[in-house]
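Each of the next two complexes has chain A plus one more chain, namely chain B in the first and chain C in the second.
Coming up: the complex of A and B.
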């Protein structure tokens, strides 16, 4: 099988989906192929931009955009330095797409949200889906943490105890916990979310919560309030209770990340993008510094795809975009070079504050996101690289994973849209 | 156990992406899910075949897990093998043995199709079948055609393009929906291509889905040998059923270690075949206007083939036709699954997304390649459901292909 398209995007993660949405908006014929789903479905669903102060990594950063401007000055190798020109524009685009699809994302007056996690710690993030955007916890007049008997991996008492310790609440703020029952059994987050789509089940939950509500309290629940991106479960629950309810972040797989992924897939399909998941790209033909053809297989069958522009959004080691053996790492489709340095790839401590070197490995690009060699020379002219594939960022520590994916995906889609006939 | 299989097992990074996309695990807690039934338990099954979770019977073999897995783990193949092991140890209920032989049911129904159709609509009889056999009384039964496709098909006299095409119709088209095979013949005749037909065995998917792997393997060998004969004689093989297609090309290799490499090049979905003609400038693109708005449902097994939606490019050539993707995931029927009494409710719960999407888009016709999806969508929504080939045949201008 041979296929032809203007823009071929390899990878269905956040950066690939953003690239597809932007390129399609500019009228290009777009095809998106991916081996499987991306990391956004595993993520909290929040868009981290920049978490902590450059000088003092223990301080939550108050103005991520300004901090990124400073970062680009001191660390011009960071991916943000390649996408700074479109950073704000890309965030507006992302929010517009989310808004139009009924899954609005909110910012916190230009600063970072401090959102509670299932462990009762607070995590900074830049954009949060409306169902997670609980405002300043310092201000609230009461907190009720609600868990479900059916759900493992969420313990209201743990959340409450740590939240109390964190000192963020006012000293006299009542903090209570409650376990409710949604019909029994032992459920995964997805199955519980499916069950909660039934209004009768929500009514039963409301009956169980009501006697425990104090005036002015906010409710914190695990992220299971609704299956789909346009679900009304959180809204209905809040209305029936007459109290705001919020989902906290939890370990994967969490529904808010999945909702974002499904919403973006639905959006790009609606824009006419041909989406092929379950199709692995194994190699490419390159002549005169141009990719002429990409070689893929679907269920064992070879497919050749030709495109004017190819966007490499294959994620890093996790997604399969980068491969390695001891002492060596490379990009898996074009064999693009990946600098590994001479230090140890990982720190001894899993949660080391300095982060792991392997997270920073990736492909070097120029300001047009084209892959370059050590001397800065472009290696393949019609290929652009996005997201976790980019060298020089350490997203788990810096809290910038989805932010880099949004901005770089958007920029690649925009540049691809500008490629002439 | 082959070494690459072991390798695939170790590829699982336990991310649970498959679990969050499994349509069955989504709606019921009776199923332990793809990760646990697949790579997790496979580790134990390598040592102890009896370590099969009984909930394995709840997997519909939709292959959604394979498609979304970022690490390329063949979860559904592990599940199929495990179900085979379970059935070989515990036996299969009579009901499953009956449902799995769609070819035999088709042959038996040929004696008196109208009578069979009438009986299948009789409530008391259906209740009896539910009680005695466990076949859901609520699910719509497929109707048998008066004559099979092979009986109805008359090779047409067309000009000679030198192209040799053999059609593998599959049981559903042959016994239940011969109009799809006839539409294929019509479309190819429009392009001066004559279709050859041949008596094949059932591809074996219903057997595989019910854990009856030995019988399926025998049929696989026979089918593959016949297809290979045609390939040797320079034929392209076309299919119209995505499930037959995937079974012949992928399951024969993954489950029975048969060599299906020749099929990758030579066996094509009919719309892939037409796309090749289009790319070579050989497709007759003279189409009549069809002012229609239809919803499109992509069958799971077409998704799993990893080649996109082959009909998309061709249908775009028909003036007036507007196709809107339902984008609603699995329809829930999964071949014989939704006919089982204890699975019917699950099957309908999975399909509710399709129902919602049809309602939301407000379409009155839906197209989908898989006969079983067609049946389920009609059962769920009451709208008319066609194979995309019927729409294309209609646009070719001869006959009425969209009358139901």
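Coming up: the complex of A and C.
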């Protein structure tokens, strides 16, 4: 089978979907192919932009946009330096798409939210879905952490013990835990989320929680409140209880990331993007520094796809965009070079504040997101690289993975068809 | 300061120490075993998991070879749930000296080790990962053995006869008076408290720490510390132990264990008995040699590398390495150094731990005037799980889960099954890679000698599978956070556990395992911001 399109996007993660949404909005013919569902489903579902101060990496950053401007000056190799020109408009675009699709994302007066996790730690993030956007914990007059008997991935006592230790709550703020039953059995986050879409189940949970509510308390729950991207479970639960209800970040699978992905998929399909999931791109033909076609397999059949612009949004090692052997790493479709440095790929400490080199490995690009070699020369002119494929971002420590994905995906979608063709 | 009394104190909670404790207990000699860490945290969990047939030592070390085959047969009988009867192979490649094979066959026959030549084509058909260039192959009675399980079997058996165990207690002094040992002083490694035990006899079974322990009594015992690095593949590459048919060297043994395969080992003399850091270069060298026997080795997923320190012993001054005998030596310090009440058991290997224990306790018993004979070769280590109980287990854990839990738990399986029958929620699987249930984890936490998540791991295998603890360590902490020993500093418990896993993953960070590492840092840093947790 042979296909032709203006813009071909490989990968259904956050940056690929952003690229598809923006390119489609500009009237391009867009095709998106992906092997699987993308790593955004493994993410928190929040848009982390920039977490901490450059000078004091233990201090939460109060103005991420300003901090990124400073970052670009001191670290011009960071992906943000390639996308800073569109950073703010990309965030506006993202929020508009979310709003239109019934999954609004909220900011915190331009600063960082400090949101609780299932471990009772706090993590800074720039945009959060309404179901996760806990206001200032310093102000709350009580916290009730609610877990589900059916779920093995969430432990209210661990959250409560460590949240108390973190010192963010006022000393006299009551902090209680409760286990509720959603009908019995053992459930995964996904099956529990599905069950909670049933209003009768929510009612039974409300009955179990009500006797334990203290005036002014906020409720923290695992990220399982509804399966669909436009789910109303958190909102309904809050209304019925008369108390705000929030999902916290947890180990995958977690629903907020999956909802974000579903919502964007729904959106781009509505924009006329042709989406093929379960399609593995095995290689590409390149002639005269241009990709003439990519070679893929979908449903067991070979597919050749030609495109004016190819956007490579296949992720890092985890997503399968990068591959490695001892001492060697490369990009998996075009074989683009990945610098491995002369140092060790990992730090001695698992939780090193310096992070691990393997998380920073990726493809170097120019200001048009085109892959470049060591000398800065473009390697393939009609290919753009986005998201976790990009080199130079220490995202687990900096808390900027989804922010880079939003901005770079948006920029690639915007540039598609404009430069180099 | 707390003071205990026992007739004998055994220093070292490895295979030899626990074997000695059991032997003492079965002869009715009151004893306490003291161990600086958890049981099996040292050499006894850091080896191939190979129950030698002796064939590897037949040419150079006939005595060791003969002991191996005898002990191999005994352990199959007394500990069937700890031994997997895989059988072993010795394969010859074109570059190996063909004359060595003849020499080896003669030596095996002399040592009483059966070695039957196998049809190479048929072997490769059954074990398709093997090199098509194999020229000759021989079957020997090698097996895979679970070190953790044997040790706990020893301890549980000894406890039934009244023996005691103190883990996380390091010996800080050995007291003596008038040329006779009178007791030991200990420091609790978890809370720093001191404690002493009065005794008539101290048995030094401290493996690579044997020299350090002897030095506390003013004695010199030259233990050669020989580090060996091994790697673990996330696949059962072959169904038999596979050895290279040539003089023993690096990277020439593969041992299948359940769903994984261990390849090893290297040999480097080190100074520190606690040096268990696997080297990146050693790992690459191992894989290179292993490829000669298994050409596609590079395409299989490694989950980790680990290293152990062989405590080798040779009287006089030897340098170390492959040339040192694998025989053991029993040192009577009364005879040798004029200090009564102390013996050291040094050298040897896992396969012969029971024999080492027998010889040691024979000597100690004669000194104490005890006539009871050794019973460890006859009495089973644990009662086998009955078919009926296994059927009940299958109902609550499913077929594979029940088998694994029954093998791990042995005598305790009944209690765990009962827990889940009473409360089905406890049947949920917290570690999916190794199929470990909440009930089993709670059982380990209840045992009285689990102080860290690592202790739970060694007892249950939680965290030892493909994900290397990424998911199950968090769940285990959650499930146990109500227990006093896990209610304190969650950051510390998790960090220590994850760091130990990380140490083994680092030397093999490429391919699939690099993806796993990226997921793991994604969870603990991106999602939990744990790097800044205090």
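Keep this in mind: the second predicted complex is superposed on the first by the 414 of 421 C-alpha atoms of A that agree within 3 Å, B and C clash if a C-alpha of one lies under 4 Å from a C-alpha of the other, contacts with A are read in each partner's own complex, and residues count from 1 in each chain.
To be clear about the criterion, a contact is a pair of C-beta atoms (placed from the backbone, for glycine too) under 8 Å apart; a residue touches a chain by one contact, two chains touch by 3 or more.
Every value quoted in this text rests on a predicted model; they were computed, and no experiment measured them.
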| item | value |
| --- | --- |
| Fit or clash - chain C, chain B, common chain A | fit |
| First (chain B), second (chain C), both or neither touched by A:399 | second |
| Touched partner set for A:318, first chain B, second chain C, both or neither | both |
| A:279 touches, of chain B and chain C: first, second, both or neither? | first |
| Partner chain in contact with A:302 - chain B first, chain C second, else both or neither | first |
| Touched partner set for A:149, first chain B, second chain C, both or neither | second |
| Which superposed partner A:174 touches (first chain B, second chain C, both, neither) | neither |
| Chain B versus chain C as contact partner of A:186, first or second or both or neither | both |
| First, second, both or neither for A:252, with chain B first and chain C second | both |
| A:36 touches, of chain B and chain C: first, second, both or neither? | first |
| Gap in Å between nearest CA atoms once chain C and chain B share a frame through chain A | 5 |
| Chain C-contacting residues of chain A that also contact chain B | 42, 186, 252, 318, 320 |
| Chain A - residues contacting chain C, complex | 42-44, 48, 51-52, 58, 117-124, 149, 152-155, 157-158, 161-162, 166, 186, 249-252, 316-318, 320, 323-326, 344-346, 348-353, 355-356, 358-359, 395-397, 399, 401 |
| Contacting residues of chain B [partner chain A, same complex] | 13, 15-17, 19-21, 25-29, 33, 66-72, 246, 249-250, 253, 260-261, 264-265, 268, 272, 275-276, 279, 303-309, 312, 325, 327 |
| Complex contacts: residues of chain C adjacent to chain A | 280, 284, 298, 425, 428, 430, 438, 471, 474-475, 477-479, 481-482, 487, 490-491, 495, 498-499, 501-502, 506, 509-511, 514-515, 517-533 |
| Partner chain B, residues of chain A touching it in the complex | 1-4, 31, 35-38, 41-42, 185-191, 194, 227, 252-253, 258, 265-266, 269-270, 274-280, 297-303, 315, 318-320 |
